[in-house]
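The same chain A turns up in both complexes below, where it pairs with chain B and then with chain C.
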Partner chain A sequence: MDMQATKKKVGLKEKYAHMTRGLGWETTYQPMNKVFPYAEFEGIKIHDWDKWEDPFRLTMDAYWKYQAEKERKLYAVLDAFAQNNGHLGVTDARYINALKLFLTGISPLEYVAHRGFAAAGRNFPGVGPRVACLMQSLDEVRHAQTQIHALSNYNKHYNGFHDFKHMIERVWYLSVPKSFFDDAFSAGPFEWMIAIGFSFEYVLTNLLFVPFMSGAAYNGDMGTVTVGFSAQSDEARHMTLGLECIKFMLEQDPDNLPIVQKWIDKWAWRGTRVLTLVGMMMDYMLPKRVMSWKEAWEIYFEQNGGALFNDLARYGIKVPECLSQTAIDKEHISHQAWATFYQYGGASDFHTWMPTDEEMDWLSAKYPNTFDKYYRARFTHWRDEAEKGKRFYNGTLPMLCQVCQIPMLFTEPSDPTQICYRESEYQGEKYHTCSDGCKHIFDDEPEKYIQAWLPVHQIYQGNCFNEGVDPTAPGFDPLAEVLKWYHVEHGRDNLDFEGSEDQKNFAAWRGLATKNV
Partner chain B sequence: MQIDLRTVSIKPVRQTFDHIARRFGDKPASRYQEGTYDLQQTDIFHYRPLWEPEHRLFDQQRTQVVMKDWYALKDPRQYYYGSYTIARARQQDAAEANFDMVEERGLADTIPATFRQIALALLVPLRHVEWGGNMNNSFISAYGYGTAITQPCLYHAMDHLGIAQYLTRLGLVLEGPAALDTAKDAWMGDPRWQEMRRLVEDVLVTQDWFELFVAQNLVLEGLSYPLFFDHLDNEFSTNGATAISMMTRFMAEWYAESSKWVDAQIKVAAAESAENRGLISSWVQHYRERVGKALAPLAEVAFGERATAVLGDVTADFNSRCAKLGLAI
Partner chain C sequence: MSTVFIAFQANEESRPIVEAVLADNPHAVLHESPAMVKIDAEGKLVIKRESIEERLGRDFDLQELQINLITISGHLDEDDDEFTLAWKN
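== the complex of A and B ==
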């Protein structure tokens, strides 16, 4: 019996199809729309899931093999970094505050991405996209964990990292990244793919990871750099998935175009607003700077994103609506955000400071149109005041944008001296947004955005104090009580970098190291 | 400036994150702990899901099982992503070596025709059941509660995909792509597979994720894996069909490992309250009957007239396993 003769050679593509889509079937004992109940409600029409082109072909055995190899190397580096006190090798302890922003603001989102992709990986009726989404779900739990494991050693030595899970749900500015992912996960599977798979992973990912990872490299943090490098090949897969997803939706039915375009506009803007925090980190929190936020925006969004949208033009897709505003904003937002964090430095879980003269010169050079004109004088003044012992802390609570949840700190596109407010009315109530972009998003889905848990509103409503706290008691200090509820340790996690425990410990430990040579 | 950082001995300010310290005290924590406990958000969510407005994004109400602390359901294997992939990579190395050996030495051609037929008729269509296992576990990973159980369910989902792919390869080795088509036809239309397909499809639309866990991971796997990858495997290896055993060794080992995790979940959930115990026990009873019915015609293909006896043995073992887990069945 010669079976070899009857077996025809199976090509790679065909073999992969057998290994994935060949597994699925049209259910008959239960209707398909009950097995995949979320496939239609968003209005996206898919006629033929078989037209899906697999963005990458990775069987599970290969996935385990490659990924395990990466994990072995990564954890060897992390172990060595911890053992050798790698944290003392960073440029300056101010840098560590950028990592606090990362652990509290980004790692928890990696986790939500894991759950959201698990949902997408269950919900699409096509096997091809499901398998790709599940692999991404698995990668995302990896990202959450490798980041936590890398920063675990920093947590042992520095403040501000210690209760990231508690803080992401409560601290005022962390509602910005949190609500972004809540927004995407509470949408349907197709919008999720445009929001996270395409806009976040494809259009904006470089603006998030390149700044943090090259920031780490420039500032001597090899542990974090390794985590970033190790995630790169995952990210490459995620990008091809996001792109295939959008093309597939557009190719399946012309009626999908307006829906997809609306989501692109929404998520590009939503993402841009979240990235304000990254811009601020790049321009102000890295002792050794990589490039300015404006430069990063121009390279990664305007140039690379521009090429991408040219490619999508054949489907009728236009560049995101917000582009004209972001071209103005890129000169301002990082300064405006840092000014806000400095003023509210008593209420956050990391330290703030004013730039040195040398750093301000760098900012002038990078922002010739705006820094000296609008920001330098204010920053110099604050610095002088602090030196005189009159450090300025803002005692009032800012109003937040109903959509992006950032305090109203952005200015009018036409006038950088005027704070921008927009107002909408829904069911007789007024709602405020920070920009045309956010107002637009609100007006399109008011029933969603009125649900937002706005940290400042919640403080006013008395929802941000520990149980048993009496706001009517004499001497009641609302900020102190809110910080306790946040688990922000006053005097350790917050306030100025200058004089902080982090600064002192780092100096002392480094001093020991230097003396030992 | 060259600094030798290794020589510095410094006292850490704290040993671990606060949410870990609140559970275990401020002492050095494992990577499993830091990568698992309290990772899922629990308290504040901004928007109700459009797809299920009656629930919050992560919500304890998606199952009738009630736990004071969902993190009681820990994974005895302590799998986080790194340790999980490293463990599976080792197993896939062994599997790969086995497939290589079968293919290079043409061992498939040495399999007696009867057993080749049995493998084609049973193990190849089984890949669709595995795919159902993937879907059910990804459902739990998405909509379950607490990273302690949702995390290993994703690993379990991907394991099922991996196993479905090994079974696919087995079909390709035995008979090429035609084996897959025949198996698909059997899955869709052969009366012997229809009870199984009906069961799998019914489980796919089950909304209570813990019920799904019981149906899929405890009962369906608990009865079918011993049947196919232990009893039937013995038939293969004692009848000159070792090549098939070689290609399914991964599954046998995987079941031995993963069932310990499943046991730990059931045991803790059932011990939590009389209500949980009652609920889980009734699910087990319900699905045990359905799985038994679905396996009966398949066991007949495998064991002929001994089918009832073998299935009886499998069920008896399963019952004593459940009894050890504290279930009343």
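== the complex of A and C ==
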């Protein structure tokens, strides 16, 4: 549809001024600092909220108009996808497992982002950021809803899509993205803006949506591509909000610099760790790959993030501390994560597999320094064992990082054959983290991170079984009981892709679609 | 000089916009990937309402860019006539 551009009575800048600052007022029944108590809580000093301006100059009336148009376009594609059995057009049914991880691990975060931006909008006294936060809050609930709608098409046909809302609260690997947002939401509004608005949206969201959604297009999944890009179209505004927030804090008072720098360091590292899951999806779960995780990292983090940090240098901001480690890690993390999921394929809500020879050749071409040297032999061995009927499942539970909650699967930056862990002491107890970055975050706020709900600890404490289950009963099977508590159906939602119901159904339905029977 | 970029969904609505951007910014480089077109430019990129209107044959509001926009990089400034991305260093 062609949009109708209406002849304007007032220019964009003037309209923006009327529809944002023009709507604000100073409270009189209560002093402003009592109405907005969190604005000062984190030590950030703001002298003039009117200095904040949204460079898009988007106002609510225009917002509704363009968002409605995005929704019309999106739902037309989703209808066509459902009507034409679009799910049978994907390259290979292994791909569908990436969507399960997306629905269970990412869509619930959209909903938390919706709540978080509503709260930030409430807590900022300035009208400019309040309006921008209101829009972002509405965007985020739209993202949650459209992702759920798009993926419900898959839920009609495949396993693992049935209970994401329940799983996000319980399943071991989903605590990684969940705790990232919980950490941000339980901070003050300015730290929330750096965590989500800046680190997640500006520095990292391109890595999540752009290569992954281009990957979905490569794999024939137009429904998901359209949802992803429709969400991403809001993201340009979100990134701008995050960047404006940083600039605003830095311009308002020189005392804000060390606080902002500390948050940038913290959230760049937290974000990098959480994106391990995306790296693994790109390198291992997309049957037809668009680019490697390492390539995406170089374009969107190193080059684009580099341009950004060069620019922020004029305020005294330094590149995040973790950069020297991420330059090493980009060659390893996707392989290490997939190796972990393969070993724990009995405890996940999606299927796993080992790459084919051809896929391993692609990986060694993309990772010439690491894949053949450290990973190929292990993967080939596991594949051979599985062919002999001895598929390796790890029966023990891994130690988790107290901060990022990822199992201790990463290696020492100086030695890729040695698992990395760090230890801190707080009030006579020992706590373990996966890296210098996470240890640093823990040591800065131990009273926050000792409260972490760590899935493995919780299993050992007996908190992850359904009511009435007796762990002392003879023949008690802890994994089976934990899976029941997760709502993961053993033998159907988990284990190998090879031999799964998904694999059989996809092959049978695709056969029906291409042959006369 | 750092690179700014803008990416759009690859579709019929974006085509005249991309054409206008490339015509107005001779230093810009186009990258086409599945379902997406990305335009990189050293330092600065300017999108002009008039150039898009010429190709579209109708009035165009620059805020319509949002519908097919995927991502941007650089500081943004938008008014009625121009949508500018730039790094200030």
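By our rule, the second predicted complex is superposed on the first by the 503 of 517 C-alpha atoms of A that agree within 3 Å, B and C clash if a C-alpha of one lies under 4 Å from a C-alpha of the other, contacts with A are read in each partner's own complex, and residues count from 1 in each chain.
The criterion applied here is as follows: a residue touches a chain if its C-beta (ideal position, glycine included) is under 8 Å from a C-beta of that chain, and two chains touch if they have at least 3 such contacts.
This structure is a prediction, so every number in the text was calculated from the model and none was measured.
Novice: Looking at the overlay on chain A, is there a clash between chain B and chain C, or do the two fit?
Specialist: Pair status: fit.
Novice: After superposition on the shared chain, which partner residues are touched by A:I419: those of chain B (first), chain C (second), both, or neither?
Specialist: Neither partner.
Novice: Kindly classify A:A513 by the partners it touches after superposition: chain B alone (first), chain C alone (second), both, or neither?
Specialist: The first partner, chain B, only.
Novice: State whether A:M399 touches chain B only (first), chain C only (second), both chains, or neither.
Specialist: Touch partners of A:M399: none, neither chain B nor chain C.
Novice: So, A:Q30: does it touch chain B (first), chain C (second), both, or neither?
Specialist: In the superposition, A:Q30 touches chain B alone.
Novice: So, does A:F56 touch the first partner chain B, the second partner chain C, both, or neither?
Specialist: A:F56 sits against chain C, while chain B stays out of touch.
Novice: When the two structures are overlaid on chain A, which partner does A:E69 contact: first (chain B), second (chain C), both, or neither?
Specialist: Both chain B and chain C are touched by A:E69.
Novice: Determine how wide the angle is at the CA centre of chain A between the CA centres of chain C and chain B, giving a multiple of 10 degrees.
Specialist: 80
Novice: Between chain B (first) and chain C (second), which does A:R314 come into contact with in this model arrangement: first, second, both, or neither?
Specialist: After superposition on chain A, A:R314 lies in contact with chain C alone.
Novice: Looking at chain A, which partner touches more of its residues: chain C or chain B?
Specialist: B
Novice: Rounded to a whole Å, what is the shortest Cα gap between chain B and chain C in the overlaid structures?
Specialist: So the smallest C-alpha to C-alpha spacing between these two chains is 14 Å.
Novice: Once the complexes are superposed, what residues of chain A are shared between the chain B interface and the chain C interface?
Specialist: After superposing on chain A, chain A residues 2-3, 6-8, 69 contact both chain B and chain C.
Novice: For a test of understanding, state which residues of chain C touch chain A in their complex under the given definition.
Specialist: 2-5, 7, 9, 33-36, 58-61, 63-64, 66-80, 87-89
Novice: What residues of chain B sit close enough to touch chain A in their complex?
Specialist: 1-8, 10, 12-19, 29, 31, 34-35, 38-51, 57-58, 80-82, 85-86, 88-90, 92-93, 95-96, 106, 108-109, 113, 127-128, 130-131, 134-135, 138-139, 141-143, 147, 150-151, 154-155, 157-159, 161-162, 164-166, 168-169, 172, 174-178, 180, 184, 187-188, 197-198, 201-202, 204-205
Novice: For the complex, which residues does chain A have touching chain C?
Specialist: For this pair, the touching residues of chain A are 2-3, 5-8, 11-13, 55-58, 62, 66, 69-70, 73, 205-206, 209-210, 213-215, 217-218, 225, 229, 232-233, 235-237, 239-240, 243, 290, 303-304, 306-308, 310-311, 313-314.
Novice: Under the definition above, what is the set of chain A residues touching chain B in their complex?
Specialist: Going by the criterion above, the answer is residues 1-4, 6-8, 10, 14-15, 18-19, 22-25, 27-30, 34-35, 37-38, 41, 59-61, 63-65, 67-69, 71-72, 74-75, 83-86, 88-89, 108, 111-112, 114-116, 118-119, 121-122, 127, 130-131, 134-135, 137-138, 141-142, 144-146, 148-149, 152, 155-159, 161-166, 168-170, 175, 178-179, 182-183, 185-188, 448-449, 451-453, 487, 501, 505, 509-510, 512-514, 516-517.
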